[in-house]
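By letter and in written order, the chains are A, B, C, D, E and F; residue numbering begins at 1 in each of them.
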Amino acid sequence: MYSKKKPISELKDGERVEDIFVVKIKKSIRPYAKGFMFSLILSDASGRSVEYVYWGEKDESKVKDIHQAIKEDDVVLVNGYFRTFNDKPGISTNPPDSIKVLHKGEYDSGEFIKPAKRPAEEMVGELRGYISSIKNAQVRGILERVFIEDSKFLDTFKTHPGAIEIHHNWAGGLLQHTLEVARYCELSKGMFPGLDRDIMIAGALLHDIGKVHEIGVTTRIKGTLKGQLKGHIPMGFRMLANVMDELGTDEKIADKLLHIVLSHHGSNEFGSPKEPMFSEAIAVYYADEMSSKLSSFVEFVSEEKSRTEDDFMYSRAQKRNIYLR
Amino acid sequence: MYSKKKPISELKDGERVEDIFVVKIKKSIRPYAKGFMFSLILSDASGRSVEYVYWGEKDESKVKDIHQAIKEDDVVLVNGYFRTFNDKPGISTNPPDSIKVLHKGEYDSGEFIKPAKRPAEEMVGELRGYISSIKNAQVRGILERVFIEDSKFLDTFKTHPGAIEIHHNWAGGLLQHTLEVARYCELSKGMFPGLDRDIMIAGALLHDIGKVHEIGVTTRIKGTLKGQLKGHIPMGFRMLANVMDELGTDEKIADKLLHIVLSHHGSNEFGSPKEPMFSEAIAVYYADEMSSKLSSFVEFVSEEKSRTEDDFMYSRAQKRNIYLR
Amino acid sequence: MYSKKKPISELKDGERVEDIFVVKIKKSIRPYAKGFMFSLILSDASGRSVEYVYWGEKDESKVKDIHQAIKEDDVVLVNGYFRTFNDKPGISTNPPDSIKVLHKGEYDSGEFIKPAKRPAEEMVGELRGYISSIKNAQVRGILERVFIEDSKFLDTFKTHPGAIEIHHNWAGGLLQHTLEVARYCELSKGMFPGLDRDIMIAGALLHDIGKVHEIGVTTRIKGTLKGQLKGHIPMGFRMLANVMDELGTDEKIADKLLHIVLSHHGSNEFGSPKEPMFSEAIAVYYADEMSSKLSSFVEFVSEEKSRTEDDFMYSRAQKRNIYLR
Amino acid sequence: MYSKKKPISELKDGERVEDIFVVKIKKSIRPYAKGFMFSLILSDASGRSVEYVYWGEKDESKVKDIHQAIKEDDVVLVNGYFRTFNDKPGISTNPPDSIKVLHKGEYDSGEFIKPAKRPAEEMVGELRGYISSIKNAQVRGILERVFIEDSKFLDTFKTHPGAIEIHHNWAGGLLQHTLEVARYCELSKGMFPGLDRDIMIAGALLHDIGKVHEIGVTTRIKGTLKGQLKGHIPMGFRMLANVMDELGTDEKIADKLLHIVLSHHGSNEFGSPKEPMFSEAIAVYYADEMSSKLSSFVEFVSEEKSRTEDDFMYSRAQKRNIYLR
Amino acid sequence: MYSKKKPISELKDGERVEDIFVVKIKKSIRPYAKGFMFSLILSDASGRSVEYVYWGEKDESKVKDIHQAIKEDDVVLVNGYFRTFNDKPGISTNPPDSIKVLHKGEYDSGEFIKPAKRPAEEMVGELRGYISSIKNAQVRGILERVFIEDSKFLDTFKTHPGAIEIHHNWAGGLLQHTLEVARYCELSKGMFPGLDRDIMIAGALLHDIGKVHEIGVTTRIKGTLKGQLKGHIPMGFRMLANVMDELGTDEKIADKLLHIVLSHHGSNEFGSPKEPMFSEAIAVYYADEMSSKLSSFVEFVSEEKSRTEDDFMYSRAQKRNIYLR
Amino acid sequence: MYSKKKPISELKDGERVEDIFVVKIKKSIRPYAKGFMFSLILSDASGRSVEYVYWGEKDESKVKDIHQAIKEDDVVLVNGYFRTFNDKPGISTNPPDSIKVLHKGEYDSGEFIKPAKRPAEEMVGELRGYISSIKNAQVRGILERVFIEDSKFLDTFKTHPGAIEIHHNWAGGLLQHTLEVARYCELSKGMFPGLDRDIMIAGALLHDIGKVHEIGVTTRIKGTLKGQLKGHIPMGFRMLANVMDELGTDEKIADKLLHIVLSHHGSNEFGSPKEPMFSEAIAVYYADEMSSKLSSFVEFVSEEKSRTEDDFMYSRAQKRNIYLR
């Protein structure tokens, strides 16, 4: 059993590395002055990447054997020296035995996902609190069926990331984001008493349940095949519709909750087949925006400001320069 | 039992009218020189509207009784004279007995929807032909379950309109449109043999099944409450997903057909939560566009060119002038 | 001294009216069968309008005298009967003495603006609480200078509307909105501890100060001339910049607060000359959106659902149908 | 006379290459450890590219002589070994005599364009069939003048590509695309009998005639200078207008056909100076879209699915991931 | 021979009118208390409209005879009184003999188009001056052929309006606008000496020649049928291309001038099939914008500021409020 | 004291270089076969860049010392040979003494900014001419206060660049651009006499004064920190508003000039918080566009046409191909 020693983000120039990484991209073999080489892009839970270069020997078939044994998403144990070449971090190695593919069981795949920022059980407690605060028995019943009675779903939901990258992309990020959305909605209820708290809070808790099928977690967080073809909004819509059908939920309640799921991206342009048509749907939409955009800004600034001395850094996600100071 | 004598579109200035109409909009009572009056917007299967004005007597309570007895979507029998006032068609009446609300059973509500352009059974025959031509047994099985085994669904589907207005807005318009989409796809297969005919034709037949829940038909074609909140794309997606789940369809086939349903509006902007990601989905999208846009142009020109002598008429649906000659 | 008896929104068909109103629009004189007439669009604090028609005598010059004495924004005392004509509310009158222009002093102009939803002093207390909670002395000093030391500004600010229409368009709406923005920011700080609370809360409190110059309040809420030419963002920017210059605020603090004012509409498209470039600016932007959009949805639904029995009502502000049930 | 032995797309790692290619891009000379080198980007009819590197000797002037003799679009005979370096295909050579520029006459330039997918004469037969099916003598006369009487035009038109890249970019692609558009229109006529078949089919056949001047074919398919400055829509418009002027075509027919040429991109945004204003113009527009988009999807999938084992491949033309399985 | 006495814009309430007008819109007959009536929308060179109402007798056939004798674009002699009803200007008449359709010859149709702002011959002189200043003989030859040798074209061009409404919509407006564009270009040459003056000035003079076919002038300025289907850009492109073909103009000069014509709307979105690709094309594009936008602002302000006492007036053309003071 | 010998744009392959440059980007150290190396991107007033590579010795600490002594924006004296590698210009050097950081005083930083295209004093003369031509004493007073009485401001303004790149990016470019805008406005006044010349010319002269704070000039032209957070439009707005407050300018004049500053980018989308609402504001907006776009086209063509033999070059600023011949 191997465990991660030091995240890529903390490696220093010239440092000796003997640690485990995930293979993100595998490149093909090419000849060089002294034989055959290939390179891999390795990553770990810090979200950073490093280029690993294997400078192999003259015998092409031997290098090919090593190369073919490695697949994307594999966890590998690597020996070498860390160096920054042309502003890009890299690890150079000298064979033999500089790289080894680990088997499942030889490592803890949880080590390769960013760790949770809040304890899962604390978050589940908060979730249960919201559920038990719902006054309408039908609405509460739906939440209990989805989140409590289906313990397999909850096990996934409470440790799932909220996105592949940019925001809440860590274990438990999905539940953490869900609770942030609920909290903004709770505050809105205090200021706008006309809001239907039961529908709004239930909508907040349910809006992203389809993400457990859209995002897959192995040694990396990746979009699933079905997620790319169908999206979390239609999948979550169907999950919820089927549960409510089974429970015999009143059509009016059912249609409102389903509308919140469908409209939570706020506009067609951003993938919602319906735009928010009532106050609780607007509340969930803006709460979702606020949680995800603030998470992405705060994470970006916190990561970038230690990497650079510049005042600004361009964010491709936000399509603008972000001020870091 | 009353039946419609002459469509609004064929009434001539000064003609005496004693015919049945649907109440589209009901306006409130107001006083005039000789008593109290109210007006109604009436329509019929021709798609045109006419303003009916009831010039009532001094006794406000009598006029109120008549006014209150009339509800939107009611069918009324009307006596009066047809006249064009200020370019708007109208019917003027003199009480008493100039208007009477009919009960269900006194009229055939089918008379108020534009009649089918192709016989339902001929279209069902063509639909069955497409289904039996599908080679993949699973795909064929899905179509048989949706369209053949569920005879109640087929009864609705074969007489449903394809839209509320603009295109295929007549009894059977939905199936007629569905078959047009299938025909364009069939032709595409002839020119692009690499297309998977089974997936494409099945996608064409299934793409709009959610419309039976989005559009409601009484004496008028109207959007349903649930249709406005959920839309035909998510509803059709769920209908199909549940059928395929029951049948145990292979995930790859299921995801392709569901993707076609989700992406058939071509882009997020037009309400598709996913944009077409493979050739068969693109084929269904463009076939859908071609059928609906050609229908709307051809209908618009055919209706407007007899109404006006101008060369051009502005179409709000197309946001441009249409050339009529 | 006259005072308002009943809002337009509560008048019933046929009811006798002897009450005061604001003149919103004045139309020109025209002849009719029995003499000369003119009409006015009157409004009151309920936000509704009613058309007043003065059916005058044959002597044109007498009617002209009455007509010329009335100006837009005047408060008038009116006698007549309320009636709905063609779905539009109206008041018919018979001269003489059916209309009288009141002088300042004969009415309380505050009666013509929607009343505050929270007591001004309670809101000022909350504002002071936020200010005293700021830890950075410079930032706190700026807020004290703007909101506390300049008591004339505070007198205006605490009773000013937040917008001309759609959201927070009542006395005190501007401060109420400002505090809602601050509350969302406060909650965000709890979930995203990396945020700089002082900058964010100060930005929230200051973001809309320019509105006291953009919006004018007489007997009606209207855009000012200078507001239409310059906008509240540049005017608020300058007000704040001048205060900070006087106080000798550090450039870094000053530029952050000014950036929040400039960027609080979120994008160029919506009138911000700069887009939010750091986390606290994003927090204020979304909090502003959430407060204003929720206010507009909640107000719209609450007003419309008592006016109509339809399930949906089209909102021009949101460019979509809103579900009212 | 040299002829092409094997397309780039079928070369395997390490294989010896002695074959002819087109020079797409020529890079400048640079020194390296043992002398002077330069590289070329070579392509062939498979549409793939390969980087050729000439590792020359110490004597700079000799390498310069070789370098200067090569021009873009030249056909060269190359000796070397094929290898994939860093995921990019390359050919390494050792001088002398590893590269030779061929003269016209030493190769068949048709070998460097993707070959026709349908025989030219079969397509011409189909074109003639459409022309002779036109009932209106004037319309038929225009088509005969353009496509039959001007045999030089037809010789070009029947072997011209339909686009530089992405769709129908092979010899005869222009005529193949033209016929696909006509076939979709023919099918539309069957379903929408109100369409004017003569105008629509003629419009379909003529819509892209300007492409013979916009696209140039040498050893490569490239945009012409005049094509970049004027575009195929205005050029085709003028070609057709001049022919019809000569023939004395009725203005109504002429204006309809010209409008179809101008509007066939469907909207201003995509380069049409007029948007389709009648049914036949809409029919040609969607038929054009369907033919070109399906061609581009089907070609993309067929090429990419053999190159990669990934489920999705990003298409820059479609700005999205395409599903390949 | 009748001639216009006073423009609509100068008529005062209650004034007696006996003058000639153009029929812009003709409405249908309707009954009223004392017989049958119809109304016309009349206009004149001031660009204003007035509603004329004919209150006819009981005998419907007599009123129909009068109604049928009037056609859109006719010039009519009208007797009546001018009055503003409901903020709209109107003329009321009492038959008989209150309206008479004039024959060609009884009026000067030039009186119904806004008069030229600069004398035609002065403008032609300026145009000739630009032409003779062109140094390149080929370019000068093109301009001479278009503007000087074809005197019929020049007769039209020098008196044609530049647009149907909004800017330069008066006799000679097209040439006036053309010269304004040339003047901005001339000034640009002074500041950017790298510009090719001959190409730029020629492009400026030629850019809108297609408008003589797009805009028709009878008693009113209207879009022509062919103009709506083809547009002035393609028509002007072809006119110029044919002239240059005849003259055997060098391809480089020809393509530059044609590109300027095609690109002078600046972007696809505004109807240019090509966007400006060289400096002279950009110069003509901005000069065209500047001339047309300034004309429309200046005219709007000058007309509206005398009509209203408001500070702002909404302009539909500019989609914003315009400040008038 | 060192001075620049030859601009990068004129260096030839193989030429010996001993000249001064500005450090634009500094890259990190990396090992190579014979020791440690690093590279710098150097630039000069020609606007071109060249990669300088320092091939250092085995002793890492010595190379680090040299590397650490160099900072971005430093001026360095470099020895080496100029060569184009892979189409990119580069300078290779052999230590020791191949690079030396210069102190202020050892070079003239003005040499690293593109030189003025017009003499500063000639431009100031033209500026004074415009100011003295203003008839309204208040308006003239504002201009005198801003441009003449504040000689420190004028010293900066007359030598400042107008933008960081693309247009007027040279010493004095800001004043040159300002005068171009004024000249277009002057010409507009001649053609549209209704324009208020004083307001328009003053708006033209003042529109970009905020740029002296938005753009910083050291050895390079760069955006300032405050400029990125606040922008030249709000900063210029405040500068002008404060001056006019001091002078007690009439509100009407003040608001018009401030509106011109705010609206000179023409639309919200391009960063103006207000869109032009009167004729003089439109005039300044288009004049600004014309000056900046023509400058960018003319400069692009003049620079690129000597660099390449291609007919077209892609311009990222214009997002299109530009024709160079």
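One rule holds in what follows: a residue touches a chain if its C-beta (ideal position, glycine included) is under 8 Å from a C-beta of that chain, and two chains touch if they have at least 3 such contacts.
Here the structure is a predicted model, which is why all the values come from computation and not from measurement.
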| item | value |
| --- | --- |
| Number of steps on the shortest touching-chain route linking chain A and chain C | 1 |
| Mutual neighbours - chains that touch chain B and chain D alike | A, E |
| Candidate from C-E, A-F or B-D with the same interface as A-C, over half of contact pairs in common | B-D |
| Chain pair, A-B or D-F, that carries the greater number of C-beta contacts | A-B |
| Copies chain A and chain D touch via same or different residues, half shared test | different |
| Farthest chain relative to chain E (centres taken as mean CA coordinates) | A |
| Gap in Å, rounded to a whole number, between the CA centres of chain E and chain B | 43 |
| For chain A paired with chain E, centre-to-centre distance based on mean C-alpha positions, whole Å | 61 |
| Junction residues of chain F - those touching two or more other chains | 225, 228-229, 259, 277, 312, 321, 323 |
| All touching chain pairs, where touch follows the definition stated at the start | A-B, A-C, A-D, A-F, B-C, B-D, B-E, C-E, C-F, D-E, D-F, E-F |
| Sites on chain D touched by chain A in the complex | 83-87, 311-312, 321, 323 |
| Residue ranges of chain A in contact with chain B within the complex | 225-226, 228-231, 233-234, 237-238, 241-242, 251, 255-256, 258-259, 262, 268-274, 277 |
| List of chain F residues in touch with chain E within their complex | 180, 183-184, 187-188, 191-192, 194-195, 252, 259, 275, 277-279, 282-283, 286-287, 289-291, 293-295, 297-298, 301-302, 312, 320-325 |
| Touching residues (chain side chain D, partner chain F) in the complex | 27-28, 30-31, 225, 228-229 |
